Every structure is written in structure tokens, then in C-alpha cells.
Amino acid sequence: MLTKRASLKLATAFAALMIAGGAQAAEKLRLLTWADYAPAEVVQQFTKETGIEVEITLSNNEEMISKLRATQGAGFDLVQPSQDRIAGPQQEFGIYKPLDLAKLKSDLFIASMLEATKKNTTVDGKVYGVPHIWGTDGLVVNTKAAPSVADYPDLCSQAVAGKASFRAKRPTLIAFAFANGMDPFAAYKDQKEYAALMEKVGAKLAECKKNVKFFWDGKDQLLNALRSGEVVAAMAWDTGGWKLNSENPDIKFVAPKSGALGWVDTFAIPAKGRNDDAAYKWINFNMRPEIAAKVAASAGNFTASNGADKLMQGKLKDQFAESFPKAAIDNIKWYPAVPAGIEEIEGKVLDRLKAGS
Amino acid sequence: MMPARKLALFLLLAPAVLWLGLLILLPHVEILILSFSERVGPRVYAFGLGNYLEFFTEPLYWRTFARTAVMSILVTALTLVLAFPIALYIARVAQGRLKAMLLLLCLLPFWVSELVRTLGWMMLLRETGLISYLLQRVGLASQPVEMLYNDGAVILGLVYGGLLFMIVPLANALESLEPSVVEAGYDLGGSRWTVLRRIVIPHATPGIVAGSIIVFMLTVGNFATPVLLGGKNGLWFTEQIYAQFITRFNWPQGAAFGMLLLVLSSVIVWLGLRLSGQSLGTTLRQA
Amino acid sequence: MRAAMAPSSDLDLLSVTKKFGSHSAVDDVSFSVTQGDFFSILGPSGCGKTTLMRMIAGFEHPTSGDIRIRGKSMVGVPANRRPVNMVFQSLALFPMMNVGENVAYGLTCRGVGKAEAEQRANRMLERVGLKGFAERRVTALSGGQRQRVAIARCLVLEPTLVLLDEPLGALDLKLREHMKIELKQLQSTFNTTFVYITHDQSEALVMSDRIAVMNQGRFEQVGSPRELYHHPATPFVASFVGETNRWTGEGTGGTRIRLASGGEVQGVELSHAKSVVCFVRPEAIALSSSEESLSSLPNRFAGRVSAVLFDGANSSLLVEAPGFEQPLRAVLPQAGPLAGIEVGAPVHIGWTADAMRVFAA
């Protein structure tokens, strides 16, 4: 334990050194986010209004958490993990700092979404995240080549043998659990039960592996394979499906029968963020309907900004309407916060899935 | 006089010592310490060997390591077989400009990053890629052929990436072989095969061992090539380390895997040295 | 005529020519080496002797002509199938093998069993005076020992012919003198035909039964050391083999020659040529303090000592004499009355008419 503390001290000393080195630069917001969440136009306007420069680093949920963990929450002033990935890592690693809700204009958010996110990201009575962009995970299907695919298990059918794809990541486990009549979210509270459930899901996926062309990792990799026809059905984000749909009407985003998975990406402030004021300014600026509409158009997803939907272009709306009839919207499964320890269980199942052949 | 000289020596050595200490030694010590901590609860860790036990008790992990090691040995052997004639040509036949050009040609792929090289192979090998297209055009295949996402593709990519690191020490070793020694080998009645087996290969052994160690270590520690070319089946041990660190936030386990990779691959190298009767010293001189 | 070649000859070269591009490295060379001979090819570097040797060994192929060993044509026979073995200039011992393995190498290549090869190698090492050296690394041997290993490695195969490519070049002077004698002894004990290449006339003269002097791809003269020394056939041989004084001049139609530097010397042959070169060996020049003692010599000159080159038994004087552009070199007998002569002292020199060789230039 002593050495642990010693190494911690060393790390802090290094961090202090780095802060001292970079302090005299112009005011800057270091943003760790997803691709397309901070389009150049929006950044320019923000800099013009506030004089703050924005330095953008692109990443995904796991890497965001890993990066913050490596520095104990330093290096960035604002991050955008999904709402279910805040409470667990916060308990485990303490990488975020509580939000000062008074500094946020809460009427800019869709009220129900703000409340739900606050609830999901609360640790010890403190709120750590507010919603920004939301969307769903479902099926992207080339309806001409694979008309039969309507739910996740259809990816394992003979009809799409060797031409299906999904990620070797947790959303796939959750999706296949629901599709096989289980409720993984209900099992979150009991690790033993969850482990048993995941074993079953793992077995199903192992059977399915021969059908899979590859476990996709980057969005572009999957979109290219769908474009070329090497993959005809995949579990993926709605936005990718709609993007391809604009190029080739045969490719559609399908809300699976067992329910699309709903995710919300948030704003959260790292524990050692240096410019909280700029972070709050960026959040308030981004939630303004006209700005949020631009960001949503760039990301191809929906925004938690109140009133931005009225400003959005027709195409995405039409695609959403086609993919999500009323019943499908009601059937969206929203991720609850991931308790600590759950990812350990899932990780092992995923390791075995990758190792098996 | 003396203290001043000592100070000068100290200042001269300081950058090297700092470099070794801060960038090589310290991180390894950190990783070593980290690998012995076990998670008890949120933010509570205790000393324990659990992370190492996990490797030996969970077949998934040691099998992945065994697979990585066996494939790396195979890749090293294939690279050697491919590189030897090339190195022989560069060292003993090619002269002047041609020699420089050949070495440059071997070096050329390394001007782009490993990722780009691997993506290049993906473009060639994929179902809708160039080779599949050509096979169909020539009439050797009636439908698109998928050559990606299997062990063959992984080995191909790794051999390609290791070739230069085998050719350079080999060509180096072969270049120092006096031409008259080879001629004496023939003159005394040796056939091509005898000269190769009894004179050229023994002379090149330090280069062979040096190249093999470099290629083996690079291959075992490779990440992008097996992941990208192997796809769903390209399981590599480094992927396990990455997964532990990045997607599972289990640093102690990742650290233990990292230490195991270091130790086990060093053991394999040591065994290789013993089998070929070389010492690390002579080998390093060759490289 | 060729079919009538003596059956006792081990090596016959017939009009061998080797061209590299338009340059002839070896130009129409023919010679024979008799069984048991120590035959040297002597010439300056670049004269083509190495190319010639490599053709005999089989590493180069003649552009035209034939190479025969014991009457059998070697054209098209690869190096490893020829009854010829070579001692390389660098010796080219196999550093990856010990002494015994080096000597046994050729035997195992021929399919001799390991045990027998080892035995024969040990016997051969004993004969060259390296008994008990079989287990040593070749890098742990002295220069002379390495030399003997290189020769043993060839002789163990009982070849028709051993080729030696200036193997003494890398040795220091003392050892080289010693090895000259040792090589000659080895050759006569084994009674194997040696073809020896060198640019060092003293090596060639000491060891050889016969010497070929080579220049610019051609043989100038083939003969015994004595013949070459005393009766050089060409100006090149005269100046390349042994020390000599050399002057250019003009024939007078009689036996006298007018030197370019003004003096006149007396030869034996009639010389009509417009321009000639004359050679006189330093040991043919007699020295005296008085003119009378040289009165019987047709060539007599008074001069002055310009340098004393003391080298024990090989000591000589440089003498400046009117009519000669360069000082003349004369052997200074250390047992004679002039042994103590100093620079600047007057001296008389002279030589007989038949001591001088004269060639048309």
C-alpha cells in the first residue's frame, strides 16, 4: 500500500509539472468526445463568442474512461461518455467531479431526459452528467440481400452466413440477452445471477460466431463492408444505417423486434479539469436549439436540447419515422447505469467469444 | 582535477541514465508492482498473486499465449527461410548501387506506418479486393474469394512486417564471410549444399539468431496486424492485454499479462539461444 | 604435336586466353608442368597471374584454349570436381571449424566416413608437424601454423596439383624466409606438383624448379631460376628478375654502345639497332682502388662513391661516374679490401663484355 501511495505522489508531481508548463497558454477547452459531436462550424462560432479555443480529441467510451483513469481525471476539461458509464467508473476510480447544476440552463434540456440522466449518473447524492446526444443500437440491414433479418438472432441464421457482423462489446451481449427473452438490466443488481445470464448469452454468441465476417471495431470499417456487400446485416448504431440509407435505399436501419437499445451521451467534467467555466459555457452553448440542431445534423443523431427537433432537417426525421413506428419507440431499452463489477463479468464472456472458433 | 572530471563524467552520463531509468526501468517497475495488486472493492486493492493465478487457471489466457507463441515461432521460421536467399543475394551478389537499391526496397514499406501497411494487405486480400478480382477475371474462381480473417493472412502480414528485421542482420553476417572461404569450400570438393550447410550457415548463425530474436519479439508483441488481418479469429496475446487495460479497466490483470508476456517470451528466446549454442553477447554484437 | 605431349606432364595449358570485355587478362598462354615440379608464375600485380590460377582451379573459365590435367580437359569441369586444390592468399581456413575439421573437410566431402577422415586428417597433421593440434581453433594458431593447416588441407586429398596464391604475402619477413624453405621441403617430401604464384622474385627463385615470368597477360620467358637470372630473354625479365643496372643507348653497328647519357660501353653482340637497353648485374661489376687491377676489363670507369648500402652479405655501393646519368650499383664484398670504403672516396669500376645483356628497345 505504501508503494501505491508513493507512486501516486509521483504521478501528482508529474501532473503538477505539466500544469505549470501549460498554464500560460491562451484560454482553452480540452474536449474529449465522439466523432462528429463538435463540427468545425460550431467550434468556430463558440470561439468567436467566448474567445475560448477548443482542442478536440476523438474517442469512445472505453478509451475515455481509460484515459481519465491513467491520469486520475486530468488532461481534459470536458468529456462525453454514455450515461450508463459514469456512476460505475466514478465509484471505482473517481475520475469525474460533481456538476454545479446552477451553472447550467436546465430549460435548454428536454426535461424528462435531463431528469433520467441525472438519476442515472448520481453517486452519493451528487450529479455527474447531463444529456447531450442520444440514439439507438439496432440492425443495419441490406433489405434486398437479407430481407429476413428482423431481430438480433437473425444475424445467426443461414441466410446471412459469413455476411453478418456485430461488435465484440457489451451492447451485443445486452441485445442478445433481450432477444433471447432475458432481462439483463434487471439482473444488474445481482452479480451471480448476471454472470449466469451472461454465460448463456455467451454460448449463444459462440454458436453464432461462424456466421460473422468480423467483429467490427470502427464505424467506417463496418460501413465500408456494408457498402461493398461483404456484410449484409449487422448490429450497429442507427446513425450509420441512416447514412447508408441516403446512399443506397436498400440499406435500412431496422428497430429489432426485441427492442432497440437506447443510449445517451452526456457531458461530464473530469476530476482534474482545469477550466470548468469554459466547460459550462460549452454545454450551455451546445444546448441552444440552433446549435444543437447543427450538432445533431453532423452526428446524424438526436439531441437532448429542447426545441431543436423543430429546426432539424426533414430527411433524418423521415428515416427515424420509417425505422421507429410508435411501438418500436416504446420498446426502446434504455441503458441503466452499469454497476461496478459488471464489466468484469462481461469482459470474460467477450474474451471467450473472441478466443473460441 | 579529479572531482571536476567526475562531474563531467556524471553530466555526460546523466541523459542516458535518466532515459534508462525514467522511460524503461520505472514503467516496468510500476507495471510489476501493479500486477501484484488485487481489487477487493471499489478503490480498495490488496497485494496478491491472483492476477498471475488467473493466467494459469483460466485456459483461455494461457491457450491464447501458447497460440501466439507457436504462431510467432512459425512466422520467425518462415521469415528466415524467405529472408535468407534475399540476404545472400544482397550480401554476396549485388554490388554498389544495386545493393543499396535492394536494401532501400526492403526498407520502403517501413516509410508508412504499420497500420497503413496492414490496411494495404486488407485491400488486397478482402473479398472485394484486388486478388479476389484478378482470380475471378482469370477464371480461377467463380465467385469472390475471401482471403482475409484467417491465420494465413495473419502469418502473411507478420512475415511481411518482419522481413526487413531478418534481412539486415543476415546480410550483415553474410557480408563478413570472406569470398575466398566460400571458394575454398568448393575447391576442396564441397557441393553447393555442403558449402551452404557447413560454411555459409554456420558463419551466419549469429545473424540468424539475432534476426530471429528481433522478428520473434516483434511478432509476439504485435497488435495491429493480428487484430486487423485475423478479424474474429486473429486472437493474439497482446489483444488480451489491451482488453484488460482499455475495455475492462482491469489494470492489475493487464499488468500481470504484460509481465507474463515479457517473461515467457524471454524464456523462449533463451531456449532458442541454448539450442543454437549462441550467447546473447555475440548475438547482440551481430545485430 | 599436342597429342605427343609428354605423358609425365601434370598440367598443360594450350593457348589459353581470358577476356574481360575487350581487355585480355590472359593472352594466348601455353605451358606444361612436369610431374613433381615446383613451378612458379612470377609477375607484377595485374599481370594476369591470378586470373590464370583461378582458371586452373575452376573459378574462372577460359574464353578460348584448353586446360588439361594429366591429359584430361578441364573445360566444363566445376571447381569441386577438379583434382586441383588451392592454398589461398588469405589461407581461407574455415573459422567455424577446428584444425582437424578443416583438414578432414575435403575427405568428408568425398564421402569418406567420419572416423576414417579424422584419422587421415590426424596423420596428415602429424606429417606437417602439427601433431595434437586437431582440437585447436584455427584462430588460436600462429601464422606459420595456419599456413601448414592450409597446405595439409589440400595435401590430404592427394591432388594432382596444388595451387598456391602468394600464401607468404601476409607473413613477416623472418617467418617468410623460414616458410620458403619449409614449403620447398614439404613439396619435395610429398612429391606433389606445386604451381606457385608470386610477385616476389626472391620467393620464386629460391623455391622453384621452373619459373614463368608473366607480363601483361603473356609469358615473357619460361625457364629455370638460373636461366632467367643469367640469360633473360627480354628486357622485362632482365629488369624484373634480380637487381640490375639499366641504361638506354644507341647501337654503333659494332659491339660498342653509345649511352644516352654520353658514356660508351662494350658488349659482345653486334648491335645495329637505333635504340637499345643494356643490363649489368651489380655482382658483375668489379671494384678496385687502382685502375691497373681492372686493366683486363673492356669496360672501365673511374668514379666516386655516392652511397654505401650496407646490408651484410648483400651490401652494395652506388658509384657516380662521368657518362652515366644514374649512379651504378655494385656489390661490395664484405670480405674484400674495400669493405670499409666511405662516401666520397674515389673508386674504379669495370665489367667484362659478356656480363652485359643488350636488347633492342
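Each chain carries a letter (A, B and C) given by its place in the written order, and its residues are counted from 1.
In this text, a residue touches a chain if its C-beta (ideal position, glycine included) is under 8 Å from a C-beta of that chain, and two chains touch if they have at least 3 such contacts.
The structure displayed is predicted, hence computed values, not measured ones.
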- Can you name the chain that lies farthest from chain A, using the mean of each chain's Cα atoms as its centre? C
- Central subunit by CA centre of mass proxy: B
- Centre distance in Å when chain A and chain C are each reduced to the mean of their C-alpha atoms: 90
- Item | Averaged-CA centre spacing for the pair chain C and chain B, given as whole angstrom | 56
- chain A-chain B separation of Cα centroids, rounded to whole Å: 36
- Item | Multi-partner residues of chain B (at least 2 other chains) | none
- Item | Touching residues on chain B, where the partner in the complex is chain C | 178, 180-181, 183-191, 194, 198-199, 202-203
- Which positions of chain C touch chain B when the two form their complex? 57-59, 78-81, 84-86, 88-90, 92-97, 105-106, 109-110, 153-154, 157
- Message: Please output the residues of chain A touching chain B within their complex, sorted ascending.
- Response: 1, 3-4, 7, 62-63, 65-66, 69, 89, 91-94, 162, 168-169, 209, 212-215, 217, 228-230, 340, 343-344, 347-348, 350-352, 354-355, 357
- Query: Which of the residues in chain B come into contact with chain A in the complex?
  - Reply: 30, 33, 37, 42-43, 45, 47, 58, 60-61, 63-64, 126-128, 146, 149, 227, 231-233, 235, 239-240, 243-251
